[in-house]
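There are structures below to look over.
You will see two complexes here that share chain A, one where it goes with chain B and one where it goes with chain C.
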Partner chain A sequence: MFDTALTLADLGFLAKGAAMTLAVTAVSVLAGTVLGILFGVIRNQAGPYWSMPLTFLLDIFRSVPLLIQLVLGNALQSIMKLGWAPFTTSCVVLSLYTAAYCTEIVRGGISSVPATTRRAARSLGMTWWQDMRYIVAPLATRVSLPAWIGLTLGVMKDSALVLWLGLIELLRASQILVTRLQEPLFILLICGAIYFIISFPIARLGGSLERRWSND
Partner chain B sequence: MIEIENVRKSFGQLEVLKGINLTVEKGEVLTIIGGSGSGKSTLLTCINGLETIDGGRIVVDGTDVHAKGTDLNKLRRKLGIVFQQFNAFPHLTVLENVMLAPVKVLGQSKAEAEAMAVRQLTHVGLGDKLKVYPSRMSGGQQQRMAIARALAMSPAYMLFDEVTSALDPQLVGEVLDTLRMLASEGMTMICVTHEMKFAREVSDRVAFFHKGVMAEIAPPEALFGAPKDADLKTFLAATH
Partner chain C sequence: MFSYTFHWNQALKALPQMLDGALVTLQIALLSMAIGLAVALALTLFRLSGNRILGGFATAWVEIARNTPALFQIYMAHFGLGSFGIHLSPYAALLAGIAFNNAGYLAENFRGALKAIPETQTRAGRSLGMTSLQAFRYIVMPQMLRVAFLPATNQMVWAILMTSLGVTVGMNTDLAGITQELNARSFRTFEFFAIAAVIYYLIAKAVTLAARVLAARMFRY
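Coming up: the complex of A and B.
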């Protein structure tokens, strides 16, 4: 009844693609989050006027389609003779793309902490940094977490676009198999299942952290 | 000693403090009364350097608060302040709320800070709430926690900025009792308040602020019994 030409080696090929998706996502989300926290704090500290250049730059990364950013980024690195591998270019572009969204999440999280609470912290003799570290960071994290989880899952799926730079990630690996085996439905089903298997723990992690923090 | 000399402060075009002169001695309880917008709360936030001033100076134990080079974080350790809003740190338990600054700012050991926190929380009647999160407590309890949190830094002065104004009427008493207790223990306090009965009971002196000016300052019997300033008379008539 059910018959497929898909071999164990093909599944291994898909797994390698999935590993590439994970690697690109992990690097981009990590770097993008670090940059996003930095930019978010800068935007919050500097106020709307002084952070205008930064805001404008980040708006570009948020409004230009990722595919165009990837292609232009790749062209730019080649014009500038940087000699980056497609993996590096992909990670740099995706990191900036992630950072642009993460900045807004962080900024929103920081502004959700009441000024009066921060004033109380400073009144106890805490420095700006101690207030940030022990009061603002934990409270802002609680507020920002759901949006950040959403961003991470989004970036993981968007990372499929790096196939345009020649990287064989999960979706590209599936396409190659579809072309060869002509079993699009079955292979895309497996591909989708793998995406789900990767995403599910991240979504659950978010849920369990939210529950842990709900006591206060 | 807190010396306030000709202090001026404006928010934009609005001058909220028009040259305030005031000295608070060690062990004194001073209450400040007056209508809203009279500048009384602003003065408190100027004393601990949360607000800058536009003229004059404020000297706390010989340290000019607004001078360049004054370490405000260090100065604030001796100036405890409690605000109208309770400002609990919602992600920390009551005990952790009180322990945080002594550990991070004063560098006390956890054990040392915990012993101090338990002592202060017991003192304000929250000895049984140590592991509770602030959101599970009433406003009066949260405000008493804020008082314990300030006391845990062993401040030389306590500033209270309308600490009962955001409380339900039936919770005001427990917070005022805590303030009475501190006053009777000899704590130097400046209380901005709308509670006239309280001001009359605990104060060594009461100051009346009106439109950015300290219109009258006197011991409570004199200020409430025989007010001289016309605005003060109107104010007292309205609040009785």
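Coming up: the complex of A and C.
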């Protein structure tokens, strides 16, 4: 293990893979969060009965394996002759996947704000938007942020599955190196270490935020 | 529409085959869950034991399981263990990977659940003459499992979804593997995978429903 055929260029190749993982994650989380906030507010405004179609639709993304979703998304884009690159397809599917989970988080955050607080705001003459912006948003963020950090890390880890569409992200990059150098354990350990180094500090931050903010 | 003709008949003809695959999927998920629960209990005991080495081992397991992708863990079982002369079949690698993942997440769930049980109860048990293992087994564990039941149900759904990753290491008997094989033969990707998606959805919903019924029966009081 100590004399390895791994060169600096190979490490660069892994780093490129890691950058791809981060890029897919960043785009998907950003788009997914925007959609998730939108859907979360809609679900909260519409109430459980009228938001049933939306709830059902989003539930599908949480009950079907991501791998199947990616394959279906890819098949669909080729059927519709959209001509998307694997990167675009991956980001679209992952965004919807993220949005499905984010909706739950946002909805939970909004419903954690006591109805009396919101009514107090409205009776002070605030509009619905002002109530949302100045009362609900800060309080709900406090409740939702730890879960959202967890979701972001989850998406980062799940983004490994985009290798099935031929995107060379971190795990696929290490697989290519394994095939070439025939040192599976060593290279996979490096790959795992990179994932761990990205994920662990943020997970810790989320955990400490959760502890600090749940006390009062 | 889109100048593509859907061939649902061809895909539906393969439904019995896919349902057989669904059984394998369910089997792997249940087995991985059983192994995961047992290991998670052991890890929880390690953490409670106060022994630094055992506690460190448990913490390392949990953090690695929770901070690396499940697919990476399956790859590790399939390709990585080869360096130690252990060559697992896709089935065994998939099972090992998911069980490893399940154990980590469940151990973390247990830790959260333990917070809901006052430490005074353990002390009360100890002062009644129970050994610490007895106090855990008869006082803490039943309550812990009760609190952790709902998160464990979620983990079970996760386990079912994770089984689909087996196809990336050459698994060809579970639902995803069979679907991929049918797809490779006919190139009816959308039809086959849409049916697979419906089956996965139904399994996930059935498990959630079963867990809810089970919880209502077990936790009546």
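Methods note: the second predicted complex is superposed on the first by the 200 of 216 C-alpha atoms of A that agree within 3 Å, B and C clash if a C-alpha of one lies under 4 Å from a C-alpha of the other, contacts with A are read in each partner's own complex, and residues count from 1 in each chain.
Here, contacts are C-beta pairs under 8 Å (C-beta built on N, C-alpha and C of every residue); 3 or more make two chains touch, one makes a residue touch a chain.
Computed from a predicted structure; not experimentally measured.
> Give one of first, second, both or neither to describe whether A:116 is in contact with chain B, with chain C, with both, or with none.
After superposing on A, A:116 lies in contact with chain B but is clear of chain C.
> With both complexes superposed on chain A, which partner does A:213 reach: first (chain B), second (chain C), both or neither?
In the superposition, A:213 contacts chain B only.
> Determine, for the superposed model, which of the two partners chain B and chain C contacts more residues of chain A.
Touching more residues of chain A than the other partner does is C.
> Identify the partner contact of A:125: answer first if only chain B is touched, second if only chain C is, both if each is, neither if none is.
first
> Chain A residues touched by both chain B and chain C?
none
> So in the complex, which bits of chain B are touching chain A?
48, 50, 73-74, 76-77, 79-81, 83, 85, 87, 89-93, 100-101, 104-106, 133-135, 146, 149-150, 153
> Using the touch definition up top, name the residues of chain A that touch chain B in the complex.
114, 116-117, 119-127, 130, 134-135, 138-139, 142, 213, 215-216
> Which residues, counting only chain C, touch chain A once they are in their complex?
2-4, 63-64, 66-72, 75-76, 79-84, 157, 161-165, 167-168, 176, 179, 189-190, 193-194, 196-197, 200-201, 204-205
> Mind pulling up the chain A residues that touch chain C in the complex?
60, 63-69, 71-72, 74-76, 79-81, 153, 157-158, 160-161, 163-164, 171, 175, 178, 183-186, 188-189, 191-192, 195-196, 199-200, 203
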